[in-house]
């Protein structure tokens, strides 16, 4: 990474060193918020942002995301976890207590079309997306120049239907080597095998160039043109083994009309795709997205 | 119709008595615009608005809509048509020359949900939609009160799968009796037979409560909720014999999130449905919508 | 009010009889959420929705809105208030504990243009806005018919600059007589005196037909047209003694272009005005809007 | 410029070598369209896109933009102009007949904030904006790296209130030397003197970070925050000698809420600013924007 971005991340980490996040899901019942907030207050932590949602207040599942400031968090983090695990047990919670300091590590997969990659890199450079980007993997060479100009290693791994297993093996090795938390498919255009997907559950974010579930699969703009739609969309979702059926994180649309041919739709689509993907990635990096029953809760 | 709306339409007709519309489609070739505009200039007509589109300038189809002001149009209309038929022959045109004075006559079909009907009636009352509405047909009694409060006759014709043929016969008789040009299905919720559709080609406007082609058919909001979409839409289209597959006139969307249950989606959907349908109806009444190969050109 | 709407409100009250809202503002410090949520848990209340915001976590003001379900709320309400006042004292809270059962009472003020009034009445009839509407006051007769068709008493009180004091006296008497909580100026077009405003602080909601602070005052559409803007807006705000300077609740815009004259801007504006006002009123009725330093927090 | 963009522009020019544009304004009267379209038909030119507008059909000004394909345009261009000047005389037209082949030459002025510059460069690289960019001028060094990575010369000319005259002299020399048609102020943050503006009338495009006419002048985001607006905007306009009062080309907005502080507004604003500026620049380069009485007609 270029030095200025590296410095920017360091500054962020220093500023946020006492900032923590608590992520919880459990069966709903009275007393959960009380238990959590009392735990935080007892540890002298101040709640900065808090979101909760219950699928059904009677017998549903309860979800919560809290950002808090806790003095001396770096030294107290382990103790907090130990303490909290008792509360978690009482309420049968799935939970994570994380320091914002631990910035996530993102790998971007790309093919020939670079608009989504560019948007991510520039939002990243502007400090609007906070993450480490230790590598970009492309199945074509098109992205090398821009990626390397940001000081990021670029790995060219040609991929096709034929060599999928072999390619994914290499990719998984790299992801392991670089200790990657999040994989962003920035118009990568290759289908991943169940093996790959299983290795990174709810950690692979894709952008599909249609308003799902309309136009699942290939050539959505061509099919949108044939149908004569008046809006085209883009959808960012987590990758599952069902093509374009994973939990939707974000969607948006733009207006088109009869004058727009397939080429125009692609052009118009590019601006939505990059915006939608950047939002989804940002929310994921901030731990705002929770997957539940093939849907997302976005706090 | 109530007296004030009747007066409003009369005022409109008086103001617009010299306003005409020319609608054309023909194989594209150089010289078409020249021939049309020379014809108008020779008749001392001033072009007020003009829109054109060609599917392909080389071998495509050319479409044009012109609004013009022609002094003494009411007395000259027939002569203009005779003159123009010669130009039309030269270029193999499908064409219509219409006086704006001839306000279209609209029938609204409705069921239990009244939001789309209400929107149309109020846009109509405000003078934002110019049409005669000689009758409303409902397969339930829910709409009677509001319809009659506008001085419009309301016909209650219970409809179900069983009595479809008989019901449509009655409806077609009424449409003929009242000399109807446009049929608006304002959440009518019944499928029309090919017989009915054939009697009014490109004259039946429906509102579907999803962003087509996503969620074709029944219960789109329930299915949208299950899929976890982040936007819901509405689509207004001409009715054809393929369910929800007719030419799309207008679409729009609203943002939803994980907190919205199916009931909320319906509520949010209502506000898009009424807006989208009102726009589509308005454009149709102004002769702005041309159907071509199951798509629309909206001028 | 018409019987069906009356029944609808009764059903709502029955469904929501155990639903309460807690509204709080106080100096921020750790432990507030813990105290509140423990209080609710101790009373066996389940938190259904919770929102909080702090202007500055160090020395700022903390705001919270909680909706909860508490078994037997109607009988326990007074006891809850007594209990909570102790907590409130500890944290120097401004607070309200309210039963959702106590539906607010709204008066609508109107002049000649009826689009905002209509939107409110139909959202109300559809059950999307929950309130009692015991009266509508107009300074012209235009609204009488529609108001009375909903079974609401209509008071015609001609108002002008000359008789302002006298008129407001009558209005204030009516508001008192009908025990009104909220006053909605649905394009009322008269300026209220400080005396009137002081009698209903943060209870008078206005709709201004521009994107404030652009085009404060009279004729915003004419001035928008002269300036050649590409978007026009509408703003709903609480009324204060500074014209169009009160706390903004909601704003929205629509696209316009060079073809639109002032009359078109008015027409386009109407659809934003009614949407924006309806949203603002809905949020106010649900106690979602908190005024702080001439701004609003909308939960 | 980098080789690939250079090639892309060459391809565009080759594809479009027979594509011309005719831009007209004149007093409105019947016969104008007929004369123009007959002229084009006589020269075997096919109309590809046509837009017209009249401020008032009775005594107003008529505007038209036509794109046409004319065989052998490069060799016939001068003859067409000679022919058309006769028609132009008859109707007292202001007019331009241009070959699309003559791609405009753009200079970008920039300061420290680079988001608008980046957007323009990437839209340009993607082929969505067609222009030559022979130079970028910055009053800080921040943009040098990215500009030079695109193979564009970067001129660092420190500018402040004190040395304005001297700086502008240098800038004007460069613009002349590079034969510049369009100047884009991509968050340049310096006020230009009447002398500079007069040298490039309707050729200097600025982006202002508010929804004009709200928040004219400095620090619009700070003032928007103080006013508590619920939407923030951006406005692209031609520069005149009245600060932020020039003809508006395009505007757009994004939603904000009480949680957003001034820093957030800036962040959110950046994404609107770059979109709005890119659209305005694109439309200007395609000769779609006509200035009339301090407003724009955008065809």
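As written, the chains take the letters A, B, C and D, and residue 1 is the first residue of each chain.
Note that a contact is a pair of C-beta atoms (placed from the backbone, for glycine too) under 8 Å apart; a residue touches a chain by one contact, two chains touch by 3 or more.
All figures in this text were calculated on a predicted structure; none of them were measured in a lab.
Q: Chains touching chain A and chain D alike, please list them.
A: The common neighbours are B, C.
Q: Using each chain's Cα centroid, which is most distant from the centroid of chain A?
A: Of all chains, B has its centre farthest from that of chain A.
Q: Could you work out how far the Cα centre of chain C sits from that of chain D, in whole Å?
A: Each chain's C-alpha centroid was found; their separation is 43 Å.
Q: Can you give the whole-Å distance between the Cα centres of chain A and chain C?
A: Using C-alpha averages as centres, the distance is 37 Å.
Q: Can you pull out the residues of chain D that are in contact with at least two other chains?
A: Touching at least two other chains: none.
Q: Take each protein chain as a node, join two nodes whenever their chains touch, and name the resulting shape: line, ring, star, complete or other.
A: Drawn as a graph, the chains make a fully connected set, so complete.
Q: Provide the residue numbers of chain C that touch chain B in the complex, in ascending order.
A: Contact set of chain C toward chain B: 115, 118, 122, 126, 128, 149, 267, 270-271, 275.
Q: Mind pulling up the chain C residues that touch chain D in the complex?
A: Touch residues, chain C against chain D: 53, 211-215, 227-231, 233, 247-253, 257-259, 294-298.
Q: Which bits of chain B are touching chain D when the two form their complex?
A: Counting only chain B, the residues touching chain D are 28-31, 33-35, 37-38, 40-41, 44-48, 50, 52, 54, 57, 69.
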